[in-house]
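Two complexes follow with subunit A in common, the first pairing it with subunit B and the second with subunit C.
Moving on, here comes the complex of A and B:
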């Protein structure tokens, strides 16, 4: 039983990797960017757990910059994905411009809240 | 020469004003009597008042010319009612006028006896002291009576259950028992303004000595023989059911309490009535608080506003009136509150023994409109209640700490996501 479930898991991961290999490169870049943002957010949460929540505004802005970045990147990914029929009328250039504008606003807010 | 000429004039001008907040001892006393023989039968008490600088004016209680005030100003600082049997006062004086007199901050001595009228009982009960309702009843004590040749009913009582208060009865202990003959009264225990100064012994009861005894309404040490009331405006009242307490006969009498081996040559009455009249007429136990100040530690001027977590120093001066001058008041239990709806800081003030009380503390981490409050109520002393308002503000936006080392990882995270965004943009745009 245990042997069969571990082989199942291996098969599952293999099939996931082979399926993911078919993803276009630009979406893979976005995925990497999201992973980076989430990892930074996790590091900050762990650090806050150790040091304490004293400059709480700094913590919030640090965390929210990562979370906001990840959310915006996911939004971009939804909009530029060719297989997503919902946004087939939206040009990828327009989606990217929206992404850049939102990021600028986000980082402006973060800078004001950081210190 | 001119100065000498002006002096009596000046004195005349000052004399009616001699009672004031800066000089709180009473000066002009009106004494109401049933008949003028009291003037001689109680002369020792009156002489001791006169020798302490009081001017006494004797009037029959039903004199139609009595009036306490003229043109809205009180003519007297204190009122002594030694007329227990008067049914109606003369002139414009009545029960309400007596209470108005006290409400205006003036003092009252009320002595009744077994002939006490409804008027006298009414004044007493309006002051929070209830005489025994039975008109025949007097205080009887078959255990701690004063041995005498004439009194077989044990209505002459040798009382020595005094209140423990140096400020009311003076520092010198009253050794000899006080002779008392009259009616008892009770004080509601929940009344914080009225104090029993002299209580009856546990074996006393209040009943008519001639009628058959059936469950007396007042018994034991709940019977108050002499009570004082200090009103919220610091007016003081002395109420007793014995006019004889003040007579020359009792003041000069020897006293031998039944069952006691000590026979005193002189009763405690003289010391008792002298000391307690000093208290009633504000020769003792009158406090004033002045110069309430506060400032930042190390500064002198008083700021208009404090910031949260500021360190401040607070000081106040408290003096006690000694009858002739203001002396520094020394105590270790004066406290200041830093108060907004409830005390955020409660500090005991330390004194320099010259009347100055001070402390320092940190403003709490709460902003709003605070008050410095001193509420000082001690047995026998006039109550002090002062407050001073002061706003406390939060930090201004440029007063917060910047670049805290503990927050560096957060700064780093924000900037690295920004750099990440920049790199991502380039990579994303040029990867084709």
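Moving on, here comes the complex of A and C:
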């Protein structure tokens, strides 16, 4: 049982990797960006766990900045993905402009909240 | 199908014409929404209404005078004496900032309007905006026709009108607009999947958070809808784009508003959104994996992920529960709890229960406030299910939750009103759609023209009839709503004809055909129903909801009587007392006293400190001497009571007295409610209990009352009063208004005689006798 599930897992990972290798480079870059943002968020959470959350608005703005960036990047990825049929008539330039606008608003708010 | 290009150009022309007409109708709806709310200004005068608006008015005055930075740091020492109140950090600033900005823009354009004028007309302006927002929202759900119908219904719905007549300068006036507009942008984002609208949605949500505590409704309703969509298997990437950015932005923006602050991440009201935020990420990830894997491998993945995923979920839920348990507010705030458990407030928080707008509504109030919409709503729900889209499921969910909330508190009828209007708009629009279509088809058959040419010809004839109806509308404003509906429906139908392929639409039309007689009668009946609604709304606007409650009128055989006692009393205070004198009254009149008389009050309508209110309640329900001691310890110079016994004004202090006893007794146990009741009955005649007859409130209300008619007949309670001839030992009457509605008493200074002088040092060191020292310590914690 355990062996079968482990072989399953191996084949799964292999097929995942092969499927992912087919993704266009620009999507891979976005993925990397998302992973980076999430990793930064995790580091902040760990730091908060060790040191404490005293300037709470600083912690909150740091964390939400990372999470917000990640979420927006995911949205961008959804929109520029060619395989996604829902956004066929949305130009990637338009999607990117929206993304930039959102980030601008997000970071203006965060700068204001930072204290 | 003779000449498709011809048809196409005709259709575009018709569409363009329809667009212009719709725009014009929308404009008229705005004018209607604005002007129907001016009854209060015409019938009375341009004044601020009721209680809370006076506070908002005062804050706006401060803002326009001192600027925004002073406003954020404003510590108000003229209220809650001796505690004071930090206004900047405890007020929802949306309304004030809106009116302040409007005033500032007008002034920089050299239009010198007073702050008061701007404040009075803020609510009507925003209700026009709310009607437009309703149009946009309903259009997003069900097309232009339904949008216009819903907008008209909302423009005149009595429930919303009751909170937004000219002069009713309260948070709800702008908040309902913000609510509807946020919902519109959410639906828009959901339909288009555009990040741009998601940003706008977050900003609109920010405005809502600024304006009203009811923003928690949004931040719980939208997650509920997202969850519903996921459960129904309607997850799409548009849903992700609509929701995930909103949570991040919304939390950050809400935390920017001082009155919310860290509550945006600390209290349970907001936790639902975080939970759904996690869930939607899990779902999004799963659907992503499903997209890149073959179905067979996906099955394998699912079995693996499920085992791991369930463990993770359990962990996450455990963490969440721990967070809830350890959050400083222990979960939910009192007002939210009283929403979930309707009996909560009356059991634990008398101060919430004592406000009449926090009571559950009665059935007549539903009829009064949304009238025929109550019957149209079920039809609208059915229409929303055919076919069910993300947007229509959202509207249904909004309706269902708001029906529940309106059943808990009368005040939240306001949230129900837009939902009911949208639903009824959809229902009416669908009904007219079917009926006019069948009439039209049968008429063409009667005229015996070939069906192909008939369709186009008929379309143009409807447009012509539109023009005629439009003219009628210009002439007669009141029948407007009745008449324009058919025209709108036909326009929507035109659009549909254009959109659908012709054969398909003909098939559908055949299915929807009703007999000519039946459909024309049905149209007639619906028109009658709607005209009933219009008549009711105009009546409600003119008679029921326009009274400012600061000026009262009554009609009798010998003409109209105006009771302007409140302003008389407040201006007496303003002109005859020292600037720093403290005035004690029940908290209902706190805002008005600070705003109109500019005197310091002990408690006001903000009710943030229950103990302080209980102190005043205790003083009012105590006999004269202890009451004098309490008031004296609070530096009170004047006591103000509202008395309606002479003219029959029912919401006076004697009728509110039991709440004073209850709230006072909740903190100071020596005040017991049964002492004031004879056999469980509240009475002020000869049968009343001695505690009641000796209480300060009774004495201040009925002092010298017997001199008016010789018997002391109270017209509110419809009895003769119990104790008629008595003197006041510690208070003296300084002012009573023309109709005796407001009576102002001054505290007598401590007696100056030898006997009292000997006692006095003792009095100052120990204010009360030994047996009651504990209570006095509790009563005056600041001494």
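One rule holds in what follows: the second predicted complex is superposed on the first by the 115 of 115 C-alpha atoms of A that agree within 3 Å, B and C clash if a C-alpha of one lies under 4 Å from a C-alpha of the other, contacts with A are read in each partner's own complex, and residues count from 1 in each chain.
Going forward, contacts are C-beta pairs under 8 Å (C-beta built on N, C-alpha and C of every residue); 3 or more make two chains touch, one makes a residue touch a chain.
Keep in mind it's a predicted model, so treat the numbers as computed, not measured.
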Which superposed partner A:15 touches (first subunit B, second subunit C, both, neither): second
Contacts of A:110 with subunit B and subunit C, given as first, second, both or neither: both
Partner chain in contact with A:25 - subunit B first, subunit C second, else both or neither: first
Which superposed partner A:33 touches (first subunit B, second subunit C, both, neither): first
Partner chain(s) touched by A:61 [first = subunit B, second = subunit C, both, neither]: both
Contacts of A:47 with subunit B and subunit C, given as first, second, both or neither: first
First, second, both or neither for A:74, with subunit B first and subunit C second: second
Overlapping contact positions on subunit A, where the subunit C interface meets the subunit B interface: 61, 110
Subunit A-touching residues of subunit C, taken from the complex the two chains share: 193-196, 198-199, 202-203, 236-238, 240-241, 244-245, 248-249, 251-253, 255-256, 262, 265, 284, 289, 291-294, 297, 300-301, 303-304
Footprint of subunit C on subunit A - complex, ascending: 5, 8-9, 11-12, 15-16, 19-20, 23, 56-57, 60-61, 64, 67-68, 71-72, 74-76, 78-79, 83-84, 86-87, 90, 95, 98-99, 101-102, 105-106, 109-110, 112-113
Subunit B - residues contacting subunit A, complex: 402-404, 406-407, 409-411, 413-414, 416-418, 420-421, 424-425, 427-429, 431-432
Complex contact set, residues of subunit A against subunit B: 25-26, 29-30, 33, 36-37, 40-41, 43-44, 47, 51-52, 54-55, 58-59, 61-63, 65-66, 69, 73, 96, 100, 103, 107, 110-111, 114-115
